[in-house]
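The first chain written gets the first letter, and so on, giving A, B, C and D; residue counts start at 1 in each chain.
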């Protein structure tokens, strides 16, 4: 069985593993106050092109989302996001468990836009009884989105401008950020993100690490006492250096970007094959997730050798599924998938 | 500098590391639904002497405490514990952040007893206006305690009996459970704990793992939907197999117990030296933490070669400090510490 | 200026006021443990046709909603409701502030149906990763709805049956329950509601009282410790007898129903006029709220003498507004409104 | 039976009742946006001697406490208070239910002092791992305290100075504020309180109103969006004018102060009697609560005609009880109590 069902099926990249092995017997201070976290943070600040961002390491994505949002909001404030946003549909109400309403908006291909945000905020402010309604204060986007799509630089700039105009925070969930930054056709850089977002995170779990997300806080208003909030929500790793060691390795010699590019190029090969076979996709994208729509009969056969994710039934005879490549995907597996698709869809 | 300041300064035991290396490239299902978690859980059930306990793996101690307590309590219920209990003093209000009051009680050497619990509960129930007061529903104890002390079997049995009589849950924080189970003089076994507690956890972070705690749920009332609560609080590790692999290795060939015994024996050597030198301790115990009271002048010298934890000032000339041994403490370091103590306290 | 903008503009019905005056100097126990609360509860139990329901008095509707829902749910559970449901759009995230996600569903005329609930629950249970998603456990409906519409008995029976089949609680927000029970054409009685819902409340604030809602709990699983939850959320009125006195007066000689019928009949007169004038309404209904769609020019004139609520813009030249009658609406005011409408819409 | 068990046994003062009757049929805007709330707020601002304070009306004390504290704190922050503080022992964890730890400190006669606060905050800041511990950010005091005692002006000034020096908020629970301001020997005025506290409230429930507390916010940092937080916690009364009407009546012609003075003078008569009879009290005070310690045999007899509150057992033969006078206490009742005490304690 070859697995294309997700991007967290393996352990970590060999170089990350070597770094963990090499440092295993060292004694360090706990709670991310060690030299490895410091070194990794320094590299991230450099990538961001600004020395003033705060960098905090957390274990996982849901944890990072709930910690950032809880740290940013007062009790009556909520987070605007796409209706398909991870915080809205796939985190068991983690944000609500901190007391805050998630405010979903209709999305196109997993994305929301500046106009929507502006309208939602102005509608709230125009309402004669607005203290009866949750106050929008933060915009959550994911990049890549849940559907593997990307914001363009101008879209990001417009979102950022609206947020600043209206006094909202812009928060980017970058669980798959590497795959977004290295995708063909994107015009968004890490420095753009650090410039346009108030806070974002660089995903490690899905991009070469055993686990770990690096939260980058650009807005000074969000920096104060952030470590307290991490601790309070159970996110402060005793052996925090494990996060530092991994991100230090990932950020060394562009490893994070090289392995992200690999995953994207593996996905590109699958996309080319799908196009050749005239297999439609739920959405066009250039990152490591692909959402083809295939006949049930094909899927039945395919499932004998390939593991994929079921997304939704499209019509009586077709379902949308997901293929995921990752930093760990061997080219050989992609070749096998492609030949299987060719065999079954001819 | 030799570190005796805590028991989480190194990475993990060599055999745990080897298991992580060996399995690194395997593809497994996520979220602890893999074969390694299943194997580790099976070993833990066997150690508990009962097949009916549920085993869940979490990343850290605070996370486990808040998850268990939030899963167990209704909104108006609180957790009784020692005033020195970790949930009361060292978790940034993590339990309160889930909405529940921690109900501290005076403790002796870090321990509370069955009579105290009974009195507190009966006082609550006798109160004419008891819906104005948080309802005690869970008793949190740590074993070893924050002061390295241990409950005796009869003390545990009494606590358990009172909890069952009054309809409370007994929850044991076992962040350092191995060091407790292998301590000289203890008459408490893992099977006793599984029999007497409604829920407890076996600490990995401080006992040989990179990270990880194994929560063991014995009371059926606490089992339902526990995975939802883990996820909601950001505690569900994507690559959950990392927890399974580590606990599987720790539970293989009694590794967990052997390395715990090592730490305790290293601490015993230090205790013998302190006794010889007539250095008093804050509390008598037999686990891996020691709390000597030493003159400031000695501590000033000692600090040049030995790293220890400051606890509190005892009087104008003396402070209580903590030495911690661990699974990773080399005997050589203990010999150095002992010779330093002898040199300075003669 | 004549007010038709809401149903809470005046104080209370004369008989309620007299009861408050009559009892003002009496000394009673606090916190609703007085004889008036007992008497009112007895009358409500009789109206419900069952002696086994628990009755609790709270001050307001949002307070009652958040208290009931928080008391009913475990942390990972959420409340299904219409997207237009009061808890979803008009309570500043009060339910989320207790940690629970509101799960809105598309609604028709403010109503949801049994099929929707069944599909939502089965979809959740069928999902391969359902602990990543909030678990639906309670269905919140309002009767009358936010749009003044009513469930039929068979609709309620179907909702109740699905909830019982799937293990969910059915909770009815009856902020305007009187207006619903007395509306022309309804086949739903208080006894039906007490039989079909697990918990509901009888609104006083909008139906003759100064303030107050009577929560009726039919499902034994929801009764335990309910007073603790009231107190914890700040809803336990010190002089609780004020709630008892008012509900006792309202339930005496069918006062609650007589004054509700008055409001509905006043609204009926307006509806007849609107029909005569061919003025469309957003929704057809028979309770005390009416949602006509009128030309901007008419509304501009009307606003000079009549106070109404703005709902939404329908098209370039028309807006939907709300007229509310209440127990306090004088027939003379209705006549004035009707003659104004006739004058302006001819 | 004569009731001295609490100060909320009756309805409201005759003048308050008359105001409610007089305004009953008026139509006003809801949610405290009416002219009565505006008038009452204006009178309160005048009493405070400053025009810049924000005044909000809430229904009850627990509700006000949890709303103010939740509005003031970030998630990791807690409220310092006396161990006997109402929020710590008598509100069913209402503050914790908003996610915040209450941080009790030892108290003398229900009071805490500036030194304690300073030490607690500096200890927190000095701690090497302070993000592991809840951050003190607000000091909660009650005036009068739970034991009827009062802060002196210099004590209040010291508390205020320490809070400002350290960046904490000072919040005064004034559930019985009138009884404090009119007590013999106090040197604290309403203007002092408005000058020294960041936020406080003027209790109505126990001082002449049917219900209601007037929260006064002096610190601009606490004013923003306060109405949202009221609404979110279910504290926004639909017919908010009921609060305005009552406070407007209470603040007219010093009614609030005159009736408070009455209660205190009634208590003074009881205190004189107790002194004559050499009956000790738990604590010395000059407000409307008295805590005599009496033999069981006396209490058994006394209970036949007088209703009092049981406080605690003092020794094998004695219990501490509470007598409460109020704005409604007739002098005749006091005479009866005194003659009973004389008869039984001779």
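Quick note on the criterion: a residue touches a chain if its C-beta (ideal position, glycine included) is under 8 Å from a C-beta of that chain, and two chains touch if they have at least 3 such contacts.
If you're wondering where the values come from, they're calculated on a predicted model, not measured in any experiment.
Taking the definition of touch as given, a chain qualifies here only if it contacts chain C and chain D alike; those chains are A, B.
Among the other chains, the CA centroid farthest from that of chain A is the one of D. With each centre defined as the average position of its C-alpha atoms, the distance from chain A to chain C rounds to 42 Å.
Taking each chain's centre as the mean of its C-alpha atoms, chain B lies 50 Å from chain C.
For chain A, the set of residues touching two or more other chains reads 75-76, 91-93, 97-99, 129, 131-132, 228, 231-232, 236. Interface residues of chain B, counted against chain A in their complex, comprise 3, 6, 8-12, 17, 20-21, 23-30, 59-67, 91-94, 97-98, 205-206, 210-211, 228, 231-239, 242, 328. Here chain D touches chain A in the complex through residues 31, 70-71, 74-76, 98-99, 129, 131-132, 135, 225, 227-232, 236, going by the rule given at the top. Across the interface of their complex, chain C is touched by residues 75-76, 78, 89-93, 96-102, 128-129, 131-134, 310 of chain A.
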